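By letter and in written order, the chains are A, B, C, D, E and F; residue numbering begins at 1 in each of them.
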Amino acid sequence: MLTVIEDLLSKQEVAKFTQSLDKGQWIDGKHTAGSQASKVKYNQQLDDSSALATELRNVVIRKLSANALFMSSALPNKIYPPKFNRYQGGEHYGLHVDSSVMPIPNSHQMLRTDLSATLFLSEPSTYDGGELSIETQFGLQQIKLNAGSVILYPANSLHQVNPVTKGHRTASFFWVESLVRSNDQRSMLFDLDQSIQALTVELGSNDAEVKRLTGVYHNLMRSWASC
Amino acid sequence: MLTVIEDLLSKQEVAKFTQSLDKGQWIDGKHTAGSQASKVKYNQQLDDSSALATELRNVVIRKLSANALFMSSALPNKIYPPKFNRYQGGEHYGLHVDSSVMPIPNSHQMLRTDLSATLFLSEPSTYDGGELSIETQFGLQQIKLNAGSVILYPANSLHQVNPVTKGHRTASFFWVESLVRSNDQRSMLFDLDQSIQALTVELGSNDAEVKRLTGVYHNLMRSWASC
Amino acid sequence: MLTVIEDLLSKQEVAKFTQSLDKGQWIDGKHTAGSQASKVKYNQQLDDSSALATELRNVVIRKLSANALFMSSALPNKIYPPKFNRYQGGEHYGLHVDSSVMPIPNSHQMLRTDLSATLFLSEPSTYDGGELSIETQFGLQQIKLNAGSVILYPANSLHQVNPVTKGHRTASFFWVESLVRSNDQRSMLFDLDQSIQALTVELGSNDAEVKRLTGVYHNLMRSWASC
Amino acid sequence: MLTVIEDLLSKQEVAKFTQSLDKGQWIDGKHTAGSQASKVKYNQQLDDSSALATELRNVVIRKLSANALFMSSALPNKIYPPKFNRYQGGEHYGLHVDSSVMPIPNSHQMLRTDLSATLFLSEPSTYDGGELSIETQFGLQQIKLNAGSVILYPANSLHQVNPVTKGHRTASFFWVESLVRSNDQRSMLFDLDQSIQALTVELGSNDAEVKRLTGVYHNLMRSWASC
Amino acid sequence: MLTVIEDLLSKQEVAKFTQSLDKGQWIDGKHTAGSQASKVKYNQQLDDSSALATELRNVVIRKLSANALFMSSALPNKIYPPKFNRYQGGEHYGLHVDSSVMPIPNSHQMLRTDLSATLFLSEPSTYDGGELSIETQFGLQQIKLNAGSVILYPANSLHQVNPVTKGHRTASFFWVESLVRSNDQRSMLFDLDQSIQALTVELGSNDAEVKRLTGVYHNLMRSWASC
Amino acid sequence: MLTVIEDLLSKQEVAKFTQSLDKGQWIDGKHTAGSQASKVKYNQQLDDSSALATELRNVVIRKLSANALFMSSALPNKIYPPKFNRYQGGEHYGLHVDSSVMPIPNSHQMLRTDLSATLFLSEPSTYDGGELSIETQFGLQQIKLNAGSVILYPANSLHQVNPVTKGHRTASFFWVESLVRSNDQRSMLFDLDQSIQALTVELGSNDAEVKRLTGVYHNLMRSWASC
């Protein structure tokens, strides 16, 4: 399942991010890719240890944790601390699959990448190219969202970032280890949750079927979740 | 999940069964138990190869296949050809767990016993004792149904048939290999199915949530069923 | 994974099918849908018990079994006997998910629908509308293939056939129970198989890595396949 | 499997708990239920952040960790910090299924609720009603234990607390995430463990079968446990 | 787990087999290997459709079905009809992994190869070389059994038949699809079964622990078996 | 899969270890075995809380983490803090299976023992006996490595340490909880990784098949790993 979270950040918040990031320290992105990816990655990244990166990262995590669509579709167990990158002057990131297990910086934990995410921070009108391009059953699908919006996609997808040929494209990217590893299972839970919410509005939360379906939801979660 | 199917056979059908069975050929039940069970089994069984057994067996299977509650709760993949037994004069069957895999007579197939079933054929008023007694979390639970009714219970349960101290107790018994092996999964599917049926009555079969939940049901089945 | 098999039938074969089918007996399609689907299905179907249906069905199965792409991507365990339908004059089939388990006609077996398939038999230029429209992460994707080509898609997808507004659209449709139930697992096996085939061409079949990867392929299959 | 742990607390310990709790600060229980449960929950809860709650909670955890029956039947990986509640004057908690995943207070961890537990702290003779009533295959089963005793039940059960119509019912409640998620698997491990212990007494710990069964026990655990 | 079944055939039976096979029709073995294996296979095979092959095959299957060690260690669901081969004059079969899924001749069924088996039919003293050599954690292990004995080994093993440099080596080979796919699970069931049998001899079949362990055995089987 | 890591420690490092350990405080090994194992364990162990043990333990962990073969074959999630033991004068450790789940000292975490490991610290020429003897499909296999080398073996194996009849045998031992619980799955990942590395050398890291296989590797990991 591919989920678009519109306006995770408001226009004001995006403006603040942009202002700060424009003054940030950008370094060569090859440092953050695995050995195979480094051969296909050409971009710049914000220094993760800078005060700026730390501050913005925390805003993103706070916004995600408060977002109902993110919580119910991703069912997050761990979130990789968001990173920030910038493409310009033809920079791009060739076709690749993200690594499956990564150490979480400044911790002794590892994270399994079930979902990949990109938070777009530049308005699409300000740059050419730079689509997140995901290989699907229907060919390469091009994703270019408004600044402040997030795309969540299964981390087992082959994907690339097209060359940015005009302007620059700033974004935050991160991964999610979900309570529920399987994309298909998470998708069924999301459908069930959507039905329960719609029926709650329609029939009330004391309706017998709303209660029974809520029980089924929790029992499915219990049989699938690891934390 | 334990399921009672009331009146699988009507009173007339029970009467016909009784009439026929009273004239049947009954033999020592030890022949039908595994090596361990034979030590605890004292009853009589109808000769499976007799014309009578064949005829009644087919009626039971036909009735089961037409029964909505049986179909939706058991989700049968294979049904063991029903057998018939009779307890009287203190006969009983000691505490045991049914065998897990059995050859299906007159076939080259085997059947995994996910569910055990007893179809009661004697009215409870006509005999003393003879309860099907199942060990549960709440102690031994005693089951004694009206003639024509069926109890379906998870075949991993420890159970026994209490001594029949007056009259006789005639029954049919069989096992079901379900499309869905796990009792917990089958139980969630049953709950979901019950909700879909209730909501269909309430909201109509074209309701968006009825359709979405039906999709979830089939996708859960698809991820769990083997046939 | 979504697979297109181009030209399963040659143009001559399509012509023969068309000639025969134009003389066939077509009946109301509602008979072949489950209770929910019948509310959304408006089309005509060929009588499955006719000699014509039997003959064409066997041709389709023979062609499938000889097709390397079908065999390696679907890993079929059972194929539902192909059926034939026709849409015209606005006929269509509303959004639905296919049933998960179906009895195979004229057998005592059931089939789990892992994959759904449509073999297009009318040239796209001869009718308007009639796209097979599959709901994906990227919105509804429209599929309309050349006559003789097949689309295979995961049967847990929500899909519809759009109204045919000019001409008529004849097709064969069927389901596949795969040796490997999970779409993700089947997709990894297919990728591995494609690599093995490419490396065999490049390095020869006696190359040590070709042999090692072939062993991995068979051991993955062994740990995932049911038959 | 449903497990009763008799006398986790001795009568003296119960007396001390009672004395302390009678002076505790009790607040409205709706604060501790999820959005659905809050509609059905009417009781009082001890302030979790109070020194009293902290002290008693630690006693309960210490007692549980030293209890052989608790350890071998629950195989705990994480224990939710026990909470304390009180029902009186008709208070009750309607039929519900417990939430499947909960954040552990004052930590960054989550806990999957495999088992639910109630430690009874009031003697049954001192109040009317207040049974923990669990929906089972055999209808609603009523549980009311001596003060100091614990009931452990699968958290996927539908359950309620009946209205307390006389006196008051004080209890501690908590959840367990087990090393072994599945109730059926945990139950088989418990049976195997019971046999190993009985055979050790009978045949000695150097008996070849005791050793072989111990190996099977650990290898089953290894194939089922997550920590 | 690797299992040796000593003397599946008695010396007289081996003599009869030898006499018959010496008059059989032997053909080039490449016909029976998959495309990769054919590059490494040099031996002769008995014509499977001959009356001789049919007769001997049936004897082997009858003997296997009556053999307690075979039944309890392999837990067979399907047995591939045994084939017969002969190596001489330097013939050998290079290192390979057996195919994972094979069509069963003269049926519409497929078989998953969980276990591979070789029944040795020539006395080791009558030929040089010809060891079945299996790659294990401890290097290549050489197997050369007495005529009439069978080796069963996990079919995911890399193995070869060494060149026969003197005399000839005749054998029967086949595969087993087990009720229990996983080697580790089958091995735990076998250990548990061995303990139950030993304890039954020691304590009697009515011993409480013998009964409890038998229940655990059947419930493990029920949770693992497919048929 | 059984993995030998040659020269994890260099000869100089071994010499330093030996010097330090000869001055260490050794205590009776029964303290570190579970209740069953204590009956079969006769050796000496270094005091885990000593500064020496702490220092050497950290060296071992640092060396392991930097060792490519260890990382790719064990895929470690958690490593039990290495312990040190010594056998002499006939000391030995009888046949046993290691415990499945252990608390990690000085933490609140538990560790599932997927792999067992022994780092040999005495040169084989300096002592007699003391083989690590693992029960396999091919009988008891004897392991006695050079000082500085490590043996990694599946923790579900039955094993023992033979009596040391001359000199003394010092070693470090520990357990690994792997990201991938199943031995068979870990072994397939290792094979795939070996092929990818060999093909990268042969064809370059930009080769299409190297990239595709890397994607398969990460997607298999993603579907199997827990962290």
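The rule is simple: contacts are C-beta pairs under 8 Å (C-beta built on N, C-alpha and C of every residue); 3 or more make two chains touch, one makes a residue touch a chain.
Keep in mind the model is a prediction, meaning the values are calculated, not measured.
*Asks:* Based on which chains touch which, give the shortest step count from subunit D to subunit F.
*Replies:* 1
*Asks:* When the Cα trace of subunit D is superposed on that of subunit E, what is the rotation angle, expressed as a multiple of 5 degrees?
*Replies:* Going from subunit D to subunit E via C-alpha fit gives 180 degrees.
*Asks:* For subunit E and subunit F, what's the span in angstrom between their mean Cα positions?
*Replies:* Subunit E and subunit F have C-alpha centres separated by 34 Å.
*Asks:* Please work out the Cα centroid separation of subunit B and subunit F, and write it as a whole number of Å.
*Replies:* Centre separation, subunit B to subunit F: 51 Å.
*Asks:* In whole angstrom, what separates the CA-based centres of subunit C and subunit E?
*Replies:* 38
*Asks:* Any chance you could list the residues of subunit E touching two or more other chains?
*Replies:* 156, 182, 184, 215, 219, 223, 226
*Asks:* Chain pairs that touch, all of them, please.
*Replies:* By the stated definition, chains touch in these pairs: A-B, A-C, A-D, A-F, B-C, B-D, B-E, C-E, C-F, D-E, D-F, E-F.
*Asks:* Under the stated contact criterion, what part of subunit C meets subunit A in this complex?
*Replies:* Counting only subunit C, the residues touching subunit A are 1-2, 136-138, 141, 153, 156, 182-184.
*Asks:* Help me check something: in the complex, which residues belonging to subunit E touch subunit C?
*Replies:* Within the complex, subunit E contacts subunit C at residues 35-36, 39, 95-101, 109-114, 155-156, 158, 177, 181-182, 226.
*Asks:* So in the complex, the part of subunit C that touches subunit E is made up of which residues?
*Replies:* Within the complex, subunit C contacts subunit E at residues 77, 179, 205-206, 210-211, 214-215, 217-219, 221-223, 225-227.
*Asks:* Give the list of subunit B residues in touch with subunit A in this complex.
*Replies:* Within the complex, subunit B contacts subunit A at residues 184-185, 188, 191-192, 194-195, 198-199, 202-203, 208-209, 212-213, 215-216, 219-220, 223.
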